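Shared between the two complexes below is subunit A, which pairs with subunit B and subunit C, respectively.
On to the complex of A and B.
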């Protein structure tokens, strides 16, 4: 962006500023995604987020260049259920560890697991066939493995990630969300969303700019 | 929430100091004296009392060493969150400068051939002598005393270095002081690790000189962090109850101390205890397994199981969650529990003493259990009143000395360059 030659060069997907017919900033031709409001300080977005929440909006989000302490509380985000899911994954790992070692080392049972398999009770250094001290490391490792993989996977699922595209990224102004500006986006699907009313509302919160986002 | 302004806070012990010195200090001395009388003159005998004394000594030593570890760790990692809680850890560590005094009775015991079997080699049987021979150069009273002097010297120097500079900074506000402490923290941590490991080996592990575990130093380290972090949580809770530091120490600081207690005192302790057990169980070598075998007899077995449940399983399930750690009343109760089980853990390390002839007269474990039932009653777990009196007495004097050295000091490092960061700290 800093290099003047690249700004003029045509790209595959012309941005609003580069398209043939010049548009008003934030003018929407396609489907409306929502409204983007820009704030200049963490304190401003904190107050604004609190007001948006009080106004009763449900489908909205904040975008900040760094974690703003207390913003979660201002937005009224409830604690995630992820810890409970991770606990479930960890317990699954622990049970897997117990069953795996019990079946393979302490029994000689035949079973079908896609192919025929059989337990193989093998005496190791005179210890009992089923002896917990020897099994704890494997149980522990499988607990950690299942919990870690489960944690990452379920975090992605709960956040509906990965997203290959987000409407915000089409907006020139939004680029500063990774630098020095703070944004609130209210989505058009929110039951309380009215184009003009919501725009006035966001302006009244002290937004330095409010623009419409194209889906 | 705006961070607290420390100038609006009550941040000196003030009129509490004479009270603590009078009740905890004098009461502690009285309890100690009474326990000596009960122990020495009572039917339990001197050897039994000396072990009880060793447990009480190690309890207060572990609080100080854990405090020193905390101070070293915060400087080593250049931590910002912990500035407001560091002064109390420094207060715990500061006691290392006089802890050699209660060590003198143990020193005298060694020189007069008590407490440790190796202190009186003439009492060893032929079989024991064969095992002792290789360790004899290490376990002479002379060499042992020199090592003890080195440990206390290193600890006193480290504690003095960090405490004095931190207190000086309250007056000068010189950020260079922090830089200097950070540069000493790394070599200091190495010195700390070596001395505390060797001390644990020298003073507890050699109670059974034939037994050895390369993990023992780390085990004592895990136990001492458990004691110190639990003590810090309780101290902050009591200070805030007395109207001190009410806005300086926030839920966020309790949360982080709770995390440390959970990580070191519960999980790391269990990890080390289990690893030590598993390696010895797997290798199945007689000199090594005997240490665990005698802890699986009679009342010691119940105590071993209690430690697994009370020092690990129960606290793990409670402290793993975010909410108990952010609820300071619950956290303080949890910390008090951890301090109690930490004492039982030390008791479990030091106390079981079963004479070799009882063990060597049998060939299997089930025979040993029968033998122990028949003849072992006097070696079984048997609490004495002076166990608790000695502990409370030592703890009382420890608290009084800590309060006395804090009498003119602020309870927070007032001009630490990272103080503002610590006051505004929030967990995410």
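On to the complex of A and C.
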């Protein structure tokens, strides 16, 4: 396999503004986004992903119809921060549950939130105004609610979704990424990206097809 | 090419039973499941079922309008049985929903891979059941125009809800349950919506599925977070589902009414909820599987597994029935003992024995293998379980209220035609939503089914027997 850093000719490289016109005419009309390589099996993309990572590429990704076990490790993806964010959201929910119930049922404090609101001492059957056991269910439910909403929101935002437009989605071949094909995309902005060398490199990994993606 | 396995009901522990039959390629799985919602017309049976369901859903609408225009007097609820059909139906429907979360969350945490074929179904069922459930307390309020008083929103009385009441816990529990179930369902569906978007032939379909797919493109960097998020959601939904029916049971257990005031209620309600929910999943899955030819995915092994869960949870419910009696006798409280003797031999004995025979006696047939593998048998048993679980709620609520402490205030509850049509209408609403789901959304979680196929394992090789390779997690 070729090492793109040493063998590529400097002229082969797109400009810093990523606006290089492609060498092969008729393939990409606009800007070049990157190269798309198609693989047929999870095993093939697993091997290929290892080698793309070893070659030193940074701006690249795999696209699979289902999560291929171990592929994220092969790509060197670091563990996500998501669980910590969810914990933060859950704790916020718990605090909300405590404050909400304490303020509304066990105080006489005035506050101003859009409308004037006042806490209201609620005496039931001579029970204490503020006793935690009766408030546990609502605290629990709000913890779960905040954590779940936070989890989904953070998962999408960390992945920069929703993002309805993407260069990949314009490619006819890429439509099978949600069906039965496995793809590797190396972006043109990668420092190691050279149009021809990268293309040959991807072919050498056993890709059944390599195509240019229009930005 | 490997020989395709067509029977996966074997019990050979040295072979891993395949979960998908008759497919050795990912593409055929996509094709099979997508073609259901891509077909120009659904099967004729769908139209017939949809027409009937919509008619019943309209009846529900009319009954609710009639109720709002007239008042809760149109129901059979009256002194001493103030909680009649609306609360029975609420508890029944919320219980139905629990199987969906059990399949999607608890079986996920236990790594039960067979859940993948039925989880989408079951989650959809959860959401529709919770919609039906939420309708009843809503319309039961009497003055529905001030129903926002149940939420902690500043109102004209300058009063807050009473947070020490289980009825308010219900608001939070059911609200959270609905939201989390919806999120779980939607997140699970994202990759499949992307599949439908990518296969869309028309602009409208591409736009409609495209917007809801949020631009999902199967990036492994996204999958990495997605899998983690799904695991966290499952871990959150598991205690949540246990809490929801526990909180519902507190509505009763916290009260002083004989027959309600027992500590067995939370676990007993949760077991009953899962029991009834699985029966409902079967009731929906069996016809859908036949109608759209999904036998490759919802295999006999799946049905058999579900029947085993019905047997287990049914027996747990049976144990709870016995334990309630024992505790009532052991407590030495004459009111408690009377409440239970009265259930079994009093004016509502007919309802009690329907409950016991449908929930405890009939599911025992699943001890026999032939019964677990016979479609007709399991379908009938599941219908009877649905009936029996509705009667369980009827027995708990009505018998305890109708004859409690003072014989002078005893009564007998009779539902009115409005009660009965509202109940029938809620089934119509449920089925209407379910049929729309079957028509327009991916009924089976394609990405997850592909994930459990032996071919999905990147460390195996394609030429292996499906049963031999270690399926990827």
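As a convention for this text, the second predicted complex is superposed on the first by the 189 of 215 C-alpha atoms of A that agree within 3 Å, B and C clash if a C-alpha of one lies under 4 Å from a C-alpha of the other, contacts with A are read in each partner's own complex, and residues count from 1 in each chain.
Everything that follows uses one rule, which is that contacts are C-beta pairs under 8 Å (C-beta built on N, C-alpha and C of every residue); 3 or more make two chains touch, one makes a residue touch a chain.
What you see is a predicted model; the values in this text were computed from it and never measured.
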Problem set entry | Room on subunit A for both subunit B and subunit C (clash or fit) | clash
Exercise. By residue count, is subunit A touched more by subunit B or by subunit C?
Worked result: C
For this session: Based on the superposed arrangement, let me know which partner A:69 touches: subunit B (first), subunit C (second), both, or neither?
Result: both
Problem set entry | First (subunit B), second (subunit C), both or neither touched by A:208 | neither
For this session: May I ask you to decide whether A:137 touches subunit B, subunit C, both, or neither, giving the answer as first, second, both or neither?
Result: both
Exercise. Touching A:117, do we find subunit B (first), subunit C (second), both, or neither?
Worked result: second
Problem set entry | Contacts of A:168 with subunit B and subunit C, given as first, second, both or neither | second
Exercise. If both complexes are laid over each other on chain A, which piece of subunit B (9-17, 99-107, 153-161 or 207-215) hits subunit C?
Worked result: 207-215
Problem set entry | Interface residues of subunit A shared between complexes with subunit B and subunit C | 67, 69-70, 83, 127, 134, 137
For this session: Write out the stretch or stretches of subunit A touching subunit B in their complex.
Result: 67, 69-70, 83, 125-127, 133-134, 136-137
Exercise. What residues on subunit A touch subunit C, complex-wise?
Worked result: 41-43, 45-46, 49, 61-72, 75, 77, 80, 82-83, 86, 100-101, 104-105, 115-120, 122, 124, 127, 134-135, 137-138, 140-142, 144-145, 147-149, 151-152, 154-156, 158-159, 161-166, 168-169, 174-180
Exercise. Residues of subunit B touching subunit A in their complex?
Worked result: 1, 274, 277-278, 281-282, 284, 321-322, 426, 428
Exercise. Which of the residues in subunit C end up touching subunit A in this complex?
Worked result: 25-27, 30, 152, 154, 158-164, 166, 168-169, 172-173, 175-176, 179-180, 183-184, 186-187, 191, 194-195, 197-199, 210-211, 214-229, 232-233, 236-237, 239-240, 243, 247, 250, 446-448, 450-451, 455-462, 472-473
